[in-house]
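Listed next: structures, encoded as structure tokens.
Each of the next two complexes has chain A plus one more chain, namely chain B in the first and chain C in the second.
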Partner chain A sequence: MSTRASTLTGRIMSAPSIIVLFLWMAVPLGMTIYFSFLRYNLLSPGMEEWIGTLNYEFFLTDPAFFASLANTLLLVGSVLVITVVGGILLGLMLDQPIFGRGILRLLVIAPFFIMPTVNALVWKNLLMDPVSGMFAWLASLLGLPAIDWFTNVPLTSIIIMVSWQWLPFAVLILLTALQSLDRDQKEAAQMDGAGPVAIFFYITLPHLSRAITVVVLIETIFLLTVFAEIFVTTGGGPGLATTNIAFLVYTQALLQYDVGGASAGGIVAVILANIVAIFLIRLIGKNLDK
Partner chain B sequence: MENKQSPLGYISFSIFAWIVGLLIFFPIFWMVLTSFKTELEAVSIPPSFISFDWTLENYAEVQERSNYFKFAMNSIILAVGSTLVGLVFAVTCAWAMAFNPTKRTKDALLWMLSTKMMPPVGVLVPIYLVFRDWGLLDTRFGLIMVLFLINLPIMVWMLYTYFKEIPTDILEAARMDGATLPKEIIFVLLPMAVPGIASTMLLNVILAWNEAFWTLNLTTSDAAPLTAFIASYSSPEGLFWAKLSAASTLAVAPILVIGWFSQKQLVRGLTFGAVK
Partner chain C sequence: MGAIRLEKVKKSFGTLDVIPGVDLDINDGEFVVFVGPSGCGKSTLLRLIAGLEDVTDGKILIDGTDVANEAPAKRGLSMVFQSYALYPHMTVYNNIAFGLKMAGESKDVIDQKVQSAAKILNLTDYLERRPGALSGGQRQRVAIGRAIVRNPAAFLFDEPLSNLDAALRVNMRLEITGLHQELKTTMIYVTHDQVEAMTMADKIVVLQAGRVEQVGKPMDLYNNPANKFVAGFIGSPKMNFLGGELAAKHNCHEIGIRPEHLTVSTESGVIAATVKIAEHLGAETYLHVEADGLGPMTVRATGEMPLGEHDKIFLTPEQDRIHRFDAHGLALGPS
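Now for the complex of A and B:
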């Protein structure tokens, strides 16, 4: 099969995709790196000049950077914990015999297909509004004061919305992994008198470890750049309370027209994402050899 | 565990599971319900669950006031367009990688994946400037290209895993019988790969439909899809919840149906084959 001719056709046929992806990624990334060393503001065209690492110094010493880095880590970390723990529990639940399980599973995974802007506005207005929202009404039933979610706990509100969106992703993958668990092994453990808790920690959880790793890595990559949910609800505020790195770069580029500063921020974001990506690529690469 | 479960245990666990499932689904249910209320009922406290005057006027008004169908049409064009362009590139690339692999095929696949992992803010500035200078801002063509490129790695990857499952003997037999390369791909490979190609396309439509970083940043009105249309509700005037709900329901309904049909393939596509 692998004659020289077929290898050549193979190269020719795969070349277009590789070339367009290379152009799409490498060229803009190169431009971003170049811009990040320039004083370059869209409001003063023609004034571009080389300023070395000054943009990085400004960006990395800007209090806004630390605030947004902290917000990014808090957002990613909280959503990961909520979705992985919730995903395991819901996965175990859906793995049991339940009346109408197929339909129930559809309901649970539905949030994943909701577009981010709809997700954000439905939660903000219909559920979390301090006057007419569902949560305010529930609080009043319990005799509690209503929470003004986006004023008092803005980052928590974003975390709740994003978790709701990503929980189904964790459930889907962990459930798929659970279903490939060897039933015999579990039954043998039961015969030997192992309780459900022991079975979970010594059989189920180790079996899930690989799927959990995949969920954590893939979610991290997407969660590092959460944008639309912030864009339509808080606009990064109040103050910097909900500004993550992605949103900070956006405000610098398209609101303050500071191309140089935004580019430096973009490169910082790329480096952060790469730290995670390296692990994920290795994991997938190992799997490819099997 | 489940074999020994008593009927009572089955029933009570089912009830518990359904309560949990309905709570997770509640925001979507509530959105659909609100879309049939009047604006006044939509904000009333206590909220009305069934006993309100069901109305369709929100759906009519969303179209009249804001030309909903223009945005819906943009969403369809962007999702379908980027999927079709992607398919042409991805099928040839995945065919080459699956049936004519070289030593570097694995590296090429992983490299393609790595492009998917770059945060979009890393290239936002140059893409925005290039689009501005080339007059591509707020054009459907420009966005189709962007959506096609951001999803191409996933398409190639998914098709690759499906093509790998097709026995190469069949393709070789066709070649022996004198089939040319295009004929081999179109008449032998594609018919066998229809299920895989269909689910790849569905996943790509879902991802393109819901993409909200580039569509928000690169469009203003002409090429704006539903993601941007819904975002315009974030700074409203007057009562708008029922109309927001109607617009949102229309925006998510088609993708929810497609998503439900392709949930199994979703795992394969989104984990790059790392979880089976």
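Now for the complex of A and C:
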């Protein structure tokens, strides 16, 4: 875009899509903000009235809010650690010239193509079921009592499932980054007397830092809103053990029919996501500037 | 000390023999250049010496000890890569210090060695920068600095100048030669550029298809090439090869005559030719001509020469500069 005319043309041409995208985002957000200041319950239609910040007060002072906030952070944090560490290890393995690498890569990527609900059902019915699940069978082979995953360690179970779903994504990004590592650099380090461990920490890991940043940022966005896995398996329970913010908003809106309260919850979730995002970008976003 | 000796060094990738078996002696302090067209195995040979590739068979002796099965770092060699292979996330200082750090040297020793290397290479002002903020020549120097601090038995250079522009290349060529004179360490230098080979080497090793074609001092290779390949590869522009009657007159299959050993005349001479393209460089003139019945030839005449396309000229080879080759391309010696 060098001349003034072409800059203007560019703006005019791109305006429609920008306007549509803006409305697409702004209208629902505006409506949600508006609803969050209303007493708006689907069980009493026609009774909507302006109640100011009351919805927010109720939502933020609800003990369920703090429990679900803690669950959300725990879920996001654990899954991030598992997928990044596991992703690096699997990536390193798949980067080696091992037998059947093509098939192995395909298998590792596969979980990412399975939709979350199916993923949850597979884990719930085939793997973690205390009676007929594979884990129970394995435990019985070892003479151990079967674990009732969703009753005894519900949040851990959710973390395992979500990690399994997101590990391929981390592997995919990190493997690509590994493959772009200049072979000469490793060889230079070898000539400099660095062993495999030193090469990993001094050469490979710094090279991966940008890819790790990308994985953490993108996964965080999606992990803050994990829903299907919880809905299908534990339904947020037992008690509030696996309720995260997204699920709490759902219970407000569709189990208690409280649109106002749910909207307030939704806005709180948006604000929280932004806080986390600012935090993350401050913390690791500088990796992206290089 | 850095005397390197290769004994029947062989390298195969699967069934493909990249290097069928090379014997070579490199004396301590010598500047040896491996030269050859791309794919001739010169880089592979260097990597075998460095230890970045395993030898299939044979011995690599450094100061008398066979290191063929030693790890690269244990061989006491330093390498400068074509791509420089600097560590992009480390400062220049840390790049140079990395090898010493891996060797477990103390901070004071590292600092002193890095500073002195930086001084030799004019890098003192750039120590805190990252490689990304350096120019090509500076990166090249950092790569050399990284090699120097380890105080190696020999330096290995893998086409270190091919990523630089022409002017810088001439500069770095002089710098590396100067460095060799200062350090007096053995250097092995791989290049496909015969000019680099001629100007820098104490000893040139000409390689083709993994075989050593000839080893010798630059001027020996220039004056007495062992075969047609070496004759054609060393010297620029390329030697002219002529067969037919002219060769028969010299009792051989083919004769070779360098472009600079032809005298040009507009009146009379041994070979009649027509000028196709004349390149006027001022100090010299390159004439690309079509010789009658012999095909294209190149002539290098000193000074300016008022010739152009379609001009008829006559060429006379200097008799004692004619190289004779048999049907297998081997040199026959003077007639």
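Quick note on the criterion: the second predicted complex is superposed on the first by the 260 of 290 C-alpha atoms of A that agree within 3 Å, B and C clash if a C-alpha of one lies under 4 Å from a C-alpha of the other, contacts with A are read in each partner's own complex, and residues count from 1 in each chain.
As a working rule, contacts are C-beta pairs under 8 Å (C-beta built on N, C-alpha and C of every residue); 3 or more make two chains touch, one makes a residue touch a chain.
Everything numeric in this text was worked out from a predicted model, so none of it was measured.
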Kindly classify A:97 by the partners it touches after superposition: chain B alone (first), chain C alone (second), both, or neither? first
Applying the document's definition of touch, where does A:207 land relative to chain B and chain C: first, second, both, or neither? second
In the superposed arrangement, which partner chain does A:185 touch: chain B (first), chain C (second), both, or neither? second
Have a look at where A:194 lands relative to chain B and chain C in the superposition and call it first, second, both or neither. second
Larger residue footprint on chain A, choosing between chain B and chain C, goes to B
Mind working out whether A:57 is in touch with chain B, chain C, both or neither, as first, second, both or neither? neither
Going by the contact definition given at the top, which residues of chain A touch chain B in one complex and chain C in the other? 190
In the complex formed with chain A, which residues of chain B make contact? 1-2, 5, 10-11, 13-14, 17-18, 20-22, 24-25, 27-28, 30-31, 34, 42-47, 89-90, 92-93, 95-97, 99-102, 105-106, 108-110, 112-115, 117-130, 149, 152-153, 156, 168, 172, 181, 206, 209-210, 212-213, 216-217, 226-228, 230-231, 233-234, 241, 244-245, 248, 251-252, 255-256, 258-260, 263, 266-267, 270-276
In the complex, the residues of chain A that touch chain C are 182, 184-185, 187-194, 198, 202-203, 206-207, 209, 290
The chain A residues in contact with chain B across the complex are 1-2, 6-7, 9-14, 16-18, 20-21, 24-25, 27-29, 31-32, 35, 90, 93-94, 96-100, 104-123, 125-127, 131-132, 134, 136-137, 140, 164, 167-169, 172-173, 176-177, 180, 186, 190, 196, 210-211, 214, 218, 221, 224-225, 227-228, 231-233, 245-246, 249-250, 253-254, 259, 262-263, 265-267, 269-270, 272-274, 276-277, 280-281, 283-285, 287-289
Which of the residues in chain C come into contact with chain A in the complex? 50-52, 71-73, 77-79, 81-90, 98-99, 102-103, 132, 146, 150
